[in-house]
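Working notes for the structure below.
Each chain gets a letter, A, B, C and D, in the order it is written, and its residues are counted from 1.
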Amino acid sequence: MILAQSQILQCYNNFEVNEMKPITKKILQDTIRIRPTQSFKGTYGKIALIGGNQNFGGAIIMSSLGAVYAGVGLTTTITDSSNQSSLHNWVPEAMYLDYHDEPAVKALIANMDVINIGSGLGTDEKSLSLLKTVFASVSPTQILVVDGSAIDLIASNNLSLPKTKLIFTPHQMEWQKLSGVKIKDQNENTNLAAYNNLFKQQGSIVVVKSHRTQVLTPTGSFVNTVGTPAQATGGMGDTLAGIIGGFVAQFENTENAVLAAVYTHSAIADELAKKQYVVLPHQISEALPQFMKKNEA
Amino acid sequence: MILAQSQILQCYNNFEVNEMKPITKKILQDTIRIRPTQSFKGTYGKIALIGGNQNFGGAIIMSSLGAVYAGVGLTTTITDSSNQSSLHNWVPEAMYLDYHDEPAVKALIANMDVINIGSGLGTDEKSLSLLKTVFASVSPTQILVVDGSAIDLIASNNLSLPKTKLIFTPHQMEWQKLSGVKIKDQNENTNLAAYNNLFKQQGSIVVVKSHRTQVLTPTGSFVNTVGTPAQATGGMGDTLAGIIGGFVAQFENTENAVLAAVYTHSAIADELAKKQYVVLPHQISEALPQFMKKNEA
Amino acid sequence: MILAQSQILQCYNNFEVNEMKPITKKILQDTIRIRPTQSFKGTYGKIALIGGNQNFGGAIIMSSLGAVYAGVGLTTTITDSSNQSSLHNWVPEAMYLDYHDEPAVKALIANMDVINIGSGLGTDEKSLSLLKTVFASVSPTQILVVDGSAIDLIASNNLSLPKTKLIFTPHQMEWQKLSGVKIKDQNENTNLAAYNNLFKQQGSIVVVKSHRTQVLTPTGSFVNTVGTPAQATGGMGDTLAGIIGGFVAQFENTENAVLAAVYTHSAIADELAKKQYVVLPHQISEALPQFMKKNEA
Amino acid sequence: MILAQSQILQCYNNFEVNEMKPITKKILQDTIRIRPTQSFKGTYGKIALIGGNQNFGGAIIMSSLGAVYAGVGLTTTITDSSNQSSLHNWVPEAMYLDYHDEPAVKALIANMDVINIGSGLGTDEKSLSLLKTVFASVSPTQILVVDGSAIDLIASNNLSLPKTKLIFTPHQMEWQKLSGVKIKDQNENTNLAAYNNLFKQQGSIVVVKSHRTQVLTPTGSFVNTVGTPAQATGGMGDTLAGIIGGFVAQFENTENAVLAAVYTHSAIADELAKKQYVVLPHQISEALPQFMKKNEA
């Protein structure tokens, strides 16, 4: 699945230059719909978020916070039991499942619209086993958001990807592992070339996170126009993964939902950064309901 | 206890059409009394809330939050021990009891004015056992609020109901299980017919939750006039159950208390939804003291 | 130690009527001093708060919150280990000690200026053992605040009181147990008579909590002039005990400190109750730093 | 390592009087740089904070809060497992490691830019073992902040210091243990003399905390010009240690970073103390992002 460095360079030489499309405020109006009066929890989707081992519980908490505050209908967080209490302290709205109970995990995810895996998951045997369980369980009608350690695990174990709608959210090192493009060689063109070779056919979406995040989709290459260095702090990516999950669970056009989530995450940070030297990830999630209200259409 | 579908249809053909009475702001002035100067904790009632297994701890936390912020005098939350810490993080004002200690549960509920059961209770053997214990223990002078999984358990085990003041808070699927009226057939008339056949005689109250919640009481059928799709998120019903418990514990007219709780829950959400795309259940509870103050009479 | 009912009535007939002195805002200016520039943690005292069994962890948390937000220099909370995490969630500023480790408890309290015992302590063998340990350990120069279950334990076990500065904070039922005066017979005169017979000689202070709290001291009988029925909710007394502990640890005149704490607790509640139907105990503690600043002199 | 009292007195007689340089607002403009647009988490450093035994978990939480809210890129808190949940309740942004897993601790700190040790660490065998592990592991390019119990342990075990950039943050009693200068003899001159003899050669920085904190560095002796008695409460020092760690992880000039952290910590307290009788340590951390934004240059 992973291109050799020589293959990447060949792509780079051959590909046709595509202009990057800017992700602007307009994506919000195209995506965040005014909620219909006659609706219920099921209207806004069901999401399961899987991650958070004993060391990285904060990651899955922040991701869950993003999904819940984005407005998803029902949220279940599947994590190590040592994170149960702190999860409920932040989001009592999320249900909990111990990720060691794989039969229950399998049964639960069968009923989900969206599954997020990877925030704080870790890369040990347990993590790999969970990832394989998820890959073996998801159906083509579900959306699978793959973040953090899950990307590492795919690359290091050369895992085959399941036949479902996939959204990857790598930072630059994870993208290197996933695509074979080294960080120093990563740019809009090499990223697009690798995407076209590896992910386009299945219709996957890749969010390559950096100070100007690039989103690669079957319809083209997009670049975020907002964002601030005040966001450069641990947990920012976990929060983004949660918001993406929350948006794709609610909004019909998945590509637009991802683009809108990427824009929203950074636009809120920009707003907060006017008065803050650093923006804490959980503050972005807590600001979601107000931001989305202002930008619904 | 459960009507067959044919019986329901028969009811539907026979019943007399009753106009639904709107639940409006007036119910607040009829219910939320200015507190008398000479009063103490006991004046405002004692409530026990039972629920929250290892998976659904957030549900009983949100329900407890609703009761405490509604102003009940003394609150005890009876739940799985894994929820003790997160309960106290949200409401140190609530006392805690491990729901596995059934003798202690039995002793405690004997002294309560109101008992809530079902928020996040689950439907396993343990849950059923607890529910049976409560049904066997409550006295005619107590009020029992039956929510969530407890409704499922009643329906699936065809349990006989105890001779006490009962308040049911089913969502549409739970109402289907409890009444036999399928969701697609549920409307103000079929709901009333089923209520009249099954619950009216004992004087029970049923709150059928939907985007326009219907309340069925011995004096008639009421429909909520407020509420927003921003409320369509997990935990909203648990919060309502807690507020209902808190209101019936404090206010003498139980029917009015339920109607006022249903109105309050949605009216606060409407207010918050002016600035929020989604309203988190815990935010409604936290807004209760201010809302009730504005509407006391 | 406890008077028989006949003895009480005899007192009632014999005693000289003392006018109750009102506790007014003036007590704040007499008590809350502007902090000296050259000071350090030790200047503001060391307090240990003992209580909070597995069921009543919230009580000792609320009490600790009161002490810390009142400005005490160093706080240690001695409680059941199941409360460690929720304690730190509310007040990371408090240190923790497992109350099962009695040798450590004994060693720690030897270094304290003030010891609070009783909030959420419970009345089982463990609680009694802890109370006896404290009674056996305190020295005449320390102040001991006795609240909640500790008062029950003293009465039901007819414990001898230690020779130290004692402050009791009973509600009316606890006062009945402690003094022998039945609730229906409690009034400013019977309370004072019982106080004079039982507690005056040792110089103890008794705070009889009700909708108009009475404070009995060697210099007379005082009645609170503020307070609201919005305070009638569980945890209010635990919070008061913590504030009293925090005040006597900081302010030299112990009697004034108790009176000022009683006034402060209710005055904050009055302020909050202008906009809230119910005032949550933890909100009073959180408002302490601002209130005290406005009233320092 | 520790001077005898006679040696101190000799120093005192011989030393050349240096004027203390005031730490003023100017240090902020010299230190807190506007963040470069092209940056990522790594740009702002990686810190590990080690401390928090079963009794003092709040200390390491407050220290971690200081580092994260100061804007450090990646934070890991190494503490007793009983603090995992409360840590994540305050700062989900921090990763967690059980401090009993010394091989993992060793591996993790190898990748850190800054290591803080001592806040709430305690002084038992376990604490000593951890401190020795850290001393044996740190490299000359890392910065080590030594706080609280770690200073006690160094003094009482006469430990040799590692060859790395060291920052000590003793309060007056800890400084007595570390330097041999008794509290009653501590003043700007004796402190400087002891510093020059014991710490200057290696280039260490010492922050002697008091109501007017003194900072001793290879370039001279500095005195804080801000600070308030409202800060005299437990946890204040732990918070300062965390902020120092967060500043030295981000800002290139280590000496300036320490001075700016000391100033920032007290300047925020001064601001809060205008409206608060006591300033809670966690409130200072929470105010960092706004304060730093106003003072970046």
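Convention: a residue touches a chain if its C-beta (ideal position, glycine included) is under 8 Å from a C-beta of that chain, and two chains touch if they have at least 3 such contacts.
Bear in mind that the values here come from a model prediction, so they are computed numbers and not experimental data.
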item	value
Set of chains adjacent to subunit C and to subunit D	none
C-alpha-based rotation, subunit A on subunit D, 0 to 180 degrees, nearest 5	90
Relative to subunit A, chain with the most remote C-alpha centre	C
Same-site or different-site touching of subunit B by its copy subunit C, using the half cut	different
Centroid distance [mean C-alpha coordinates] between subunit C and subunit B, Å	36
Chain centre separation in whole Å, for subunit D relative to subunit B (CA means)	52
Touching two or more other chains - residue numbers and ranges from subunit B	85-86, 89
Inter-chain touch pairs (all)	A-B, A-D, B-C, C-D
Complex contact set, residues of subunit D against subunit C	54-59, 61-62, 65, 82-83, 85-86, 89-90, 171-172, 210-211, 228-230, 232-236, 273-282
Residues of subunit B that touch subunit C when the two form their complex	32, 35-41, 43-44, 68-75, 81, 84-86, 88-89, 91-98, 288-290, 292-293, 296
